[in-house]
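In the part that follows, the structures are each spelled out as structure tokens.
Across the two complexes that follow, chain A remains constant while its partner is chain B and subsequently chain C.
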Partner chain A sequence: MITTQLNRKTFLLASALLAGGLGLGLQAAQAADPLYLPNVVELSGPGAVSGTNWRDGIILAVEEINAKGGILGRKIELENLDTQSDAGISRAQMQKVLDKNPYVVLGPVFSGSVLVDMALTSQAEVPEIMGGEAAAITQKGSKYIFRTAFGQQSSIPKLANYFRDGLKAKTVAVVWVNNDFGKGGRDNFIKEMAARDIKVVADISTESGQADFSADVVKVKGANADAIFVYTNEEESARFLKEARKQGIKTPLIGETTLLGQKVIDLAGDAANGVKGHVGLSADAPIPAVQEFAKKFKARFNYVNDHNGIKGYIAVYMIKAVTEKTGKFDSKLFASTLHGMTIKPEQEPGILMEATWDANGDIDRASFLAEIVDNKQKIVEILPKLNK
Partner chain B sequence: MAAFIQLFVSGLATGAIYALVAVGFMLLWQTSQTINFAQGEFVMIPAFFVLWAIRFLGIDFWPAVGIGVIVSLIILGFLFKRMIVDPMIKHGVLPMVISTIALSIFLKEMVKDFYSSQAQPFPGLIPSSDLNFFGAVISTQNIFILIIASLTVVALNFLLNGTRLGRAMQATAQNPTVARILGIPVERMILYTFLINAALVALASFLISPIYLAKFTNGDVLGLAAFIAAIVGGFNQVRGAIVGGLVLGVTENLAAAYISAQYRGAIPLILLIVVILWRPHGLMGRAEERTV
Partner chain C sequence: MIDFLTSRGFKIFFALFIAALLITAPFYLRNFGLYLIAMWLVISVAALGLNLTLGYAGQVSMAQGAFVGIGAYVTGLMTLAGVPWPVAFLCSGLLCFVIGWVLGYPALRVQHHYLAFVTLAFSTLVFLLMRNEEWLTKGIYGLTDVPRPILFGWNTGKAFDFYFFVLGVVTLLSLGVWWIIRSPWGRAFVALRENPVRALSLGVDTRRYTLMAFAMGSAIGGFAGALYAPLVQFFEPNSFALPLSLNLLLMVIVGGGGTFFGPFIGAATAVLLPEWLRIAQGYYLIIYAIVVMVLMLFCPTGIMGLGDRFISHFRQKRISAERAEKAKDMSQQEGK
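Let's look at the complex of A and B:
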């Protein structure tokens, strides 16, 4: 009898030790497992400029984090997938990565692709940290979508105030790119202009990838507006600026981040000088952390980053900050924690600037008014967070 | 009126580029029944040969242009014929078409992987400045394109109609069997056509890239435009391809300004449909009959 009891005790003890050992072993194995992080983004096609910057910002952040031991001891294993700037391909790539049960997914940058992909990530309950700026993205009710830059509903009102107060414009011409990004910006802009009694005298749609802007500039010129709002992607912005300068347009050319980006300056050269606008993120921002990031980016990739590079970089640090706060790799917990969360550079230096995410996944952070002077972006004014 | 002149000249310049590409397209078809769906990429890639030479060989722009021309003649002329057209053409037009579509994808991906997916500034062949003509601002680059394209077409016309070599090429195009009986080295004549096409696309590339910026996707627009221009003008006449290119360039520009900016992409296709319905052999082409 005693023997049996002893045997049972020994068995239970051995089982407990074995189970504990296995548990520890599993935990250790999980800690050692790399963290799969897919990035579905525009690496070719019209979005390649934005997508390449976004990808390189991510690579830089991943290399830094991995060099310091990863997130909660797990090194990041990054996979970049090209959407070819096509919403259909983007959706297929997103489905492919979701089949691997990722913790979080990154990208895309093009709003049209995000609008298609987000249904999949929402259904799979996997947080999607992306670079799209169309207002509609965070108005669809997904609990798993998060911005890295201002949505148009936040940035366009700041710009509209500048048209009214800074430029004292009474009439304005709008040149926009006929994709989801451009249409969203154009619709918001027209609404904001109407609210400020500024008349839109020309409303000109252009094509993504368009090369010849002579007809568009002739139409803009004929409108005789007090100011021109240009809302196209980077390459088209550069081509438009070159044609506008060629045709001698003297009217102020105003835009958002895509008109004042480094790639636009590189491609348009002197034609970019004098352009003004609102930038949510800028490598030239008078913020030491951002400038330090720009130096590291240049040293690593041998080109000057644009705002998408910063967006990609902070996207990875968002994952780090949230995961370290929750203490585990739980996708649903990640999403619920990030809603309403503020990440400060004191807590996580990689976030570069203090930022807050609301219940829709929209971001709030300081932004800038900028001007291109001598082929460089010059920050004219820092605009505080909207809810500060 | 100033705006109209400006748009017209700008359209002519773009159309002149389309015309150069369309002429090459048409020549290949005439001499070897090759429909080259990689023609757009053939225009895109010489600019990258130049940029590659500048970046990796560290040489100046003009020597790099020389290298760009030589590499274009070798790869887009000689090797294209030997490695793709010669083995595939004996299997008919359809395998040839599929091969050139595959080639176009390969060239795009190659540029993307080995150079960059981003648009690159390409130096102008002449300094960029503007002329004021009755209130219309006309770029010297556009005028330069028009002059160079016109001179090229005149020279090509002279070669085809005013020289023994050109007549031999025309004979090859019209009836290779009879040309062979007459002692014309048909294979060599076909090779010359491929080299001429390579030279034309290289020239078009160097003229258009300062305006369009060098990018791996440039061929998409240019290839389609050249194809439409060749059909609109007439697939069997050099002058047809020229007229087709110019009509297309000017129509695109004027339509975007005066009809609809939103539907600018549809206008060339509408033009194509109208011409096919009205004159199936193109504006300047001649009707051909074939025994089947």
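Let's look at the complex of A and C:
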């Protein structure tokens, strides 16, 4: 009898231990499972400059996080997928990664592609952290889209204030690229100018991939505005600046982030000197963490990053900060937690600058007024967070 | 072996095998795989249309992408306004037929690369209209949330259902094209390509048939667009800019212009091959470009032409061997 009882006790104990052990084993296996992180981005075509920066920023962050043991013990397994800067291919690639049930997806940078992809991520209820800046992205009501940089509806008003207060401009000429990025910026800018009683005397649309800007510069010159707002992609910006200098334009050339970006400085050379504007993110920001990041980036990839590099880097640290807060890998919980969340560099150094996300996924963060001096971006003023 | 490969029985067996593969595909593929195959089918239809214009009638058109765009916008705008998909589908084809007919007029005056320039200009014009006429096309932001059709209570909203819907429509369209090619029209198109003067002397109305080839090819492009719109659901003018037209041209040439299955193989090369080559990471587009260049270098008649060459090579070899055997027998008999 005693033997039977003992046997039963031993059996129960053994079973409990076995079950517990298995459970722990399973948990350990889960914890050790790599965390699949897809990045759908422009690695060829017109968006390759921005996309490559974004990807390399991500690679740098992933390597750092993995070297320290990953997120909640799970190492990140990154997959980069090229969209060829085409919205259709981007949609197909996003579908492909969503079939693998990812926790979060990264990219793209081109707003047109984001607008196409976000319907899929919203349907699949998977958070998408992306680099697009078109205002329309966060106005579609998706609960799963998050910015890494200002949307145009946040950055353009800051710039518009500079036209009114800094430049004291009464008239302005606008040169913009006719794609979803340029059109969104132009529409917001015209609206903000009207609100500040500044007259738009020339509204010049240019093409993506345009090589010759001589006719556009002639038109800008003829408009005789107090300032010129240039809102095109990197390579086109550089070509425009070169042509503007060639034709001897002395009017202030003002831009938003892209026009003052490193790639534009590299391509335009001396023609970029004197350009001023608002910069959402900058490797030259007088913030030690950002400068430290720029050094690491240069050492790892042997080129100077632009704002897209920073965007990619903080995208991964956003995942780390939110996941460590929630304590689990739950996509829906991730999205609801990040809405209204503020991440400070004291909590997560990889975030570089304090940032807050609102209910639409828009970001609020300090930004800068900058000028290009001697082929380098010089920060003139730090603008505080909007809601501070 | 060659006899077996070219026999009617094998062709039927092969067609049934492909059909079985396409029907069973959804059961072992996930959403992305279904999307990719549906995209291949839709793009194949657009290439089928161009094949009629270019492959059979010999008219170089760089506007097929624009016709796909017109079809997609017509269907997108109409279905978003609540019009049933079949009506929108027919309107897309009809409008493209009319525009193709009108665009065909320059084709009567210019040939070859001059015609290519005319169609190139048309393609750019259509892109600019799509982008700049915001009141109609919503401009650069494009159309979003294009609904998938509901036919007789069958909701094709899910990837699985929509795949079968596309498969059905593409099969019907392909049969239609098959019929056109084998009809007197198809024969007249080939005559037009091979020797227009002779065709005219034989009583073929070359003017009418050139216009017809253009209009039919364009209408099929429009039908492809009508399928493209609910497939991708979100599109913008850039999707139908010149690269699509060039890509379709590439598909017809790589697949084998003037053959019925050429466009399907060409579309597979353009849609599926880059996807399979993605394992080569950053080099996939370079490898793809090299594959296409090598193919064109060694086989200007396309993949279908390669198959034909392969078969005729072996056939020739066998005939020569048989001849040699016969000659040997005869000489032996003479020796006796």
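A few notes on this one:
Going forward, the second predicted complex is superposed on the first by the 369 of 388 C-alpha atoms of A that agree within 3 Å, B and C clash if a C-alpha of one lies under 4 Å from a C-alpha of the other, contacts with A are read in each partner's own complex, and residues count from 1 in each chain.
The rule we apply is simple: a residue touches a chain if its C-beta (ideal position, glycine included) is under 8 Å from a C-beta of that chain, and two chains touch if they have at least 3 such contacts.
Owing to the predicted nature of the structure, the values given are computational and were not obtained by experimental measurement.
Bringing the complexes onto one copy of chain A puts chain B in a clash with chain C. Look at A:Lys158: by the touch rule set out above, it reaches neither chain B nor chain C.
Once chain A of one complex is fitted onto chain A of the other, the partner contacts of A:Arg55 are absent, as it touches neither chain B nor chain C.
Contacts of A:Ser44 after superposition: both chain B and chain C are touched. Shared-chain residue A:Gly248: touches chain B; no touch with chain C. Looking at the shared chain after the overlay, A:Asp99 reaches chain C, while chain B stays out of its contact range. By the touch criterion defined above, A:Gly269 reaches chain B but does not reach chain C. When the two complexes are overlaid on their common chain A, residue A:Thr206 makes contact with chain B while staying clear of chain C. Counted by residues of chain A touched, the larger count belongs to B, out of chain B and chain C. In the superposition on chain A, A:Asp180 makes contact with chain C only, while chain B stays out of contact range.
Working note: chain C versus chain B after chain A overlay, options 81-89, 135-143, 297-305 or 315-323, clashing stretch identified as 297-305.
Counting contacts as defined above, chain A residues 43-44, 178 meet chain B in one complex and chain C in the other.
Put simply, chain A touches chain C in their complex at residues 43-44, 81-82, 84, 86-88, 91-92, 95-96, 98-99, 112, 115-116, 119, 136, 178-180, 183.
Listing the residues of chain B that touch chain A in their complex gives 3, 6-7, 10-11, 14, 112, 117-119, 121, 130, 137, 139, 211-213, 215-218, 220-221, 252-254, 256-257, 261-262, 264-265. Within the complex formed with chain B, the residues of chain A that make contact are 43-46, 48-49, 52, 178, 204-207, 209, 211-212, 214-216, 218-219, 221-222, 235, 238-239, 246-248, 263, 266-267, 269. Chain contact summary for the complex, chain C toward chain A: residues 30-32, 35-36, 39, 131, 139-142, 144-145, 232-236, 238-239, 278, 282, 284-285.
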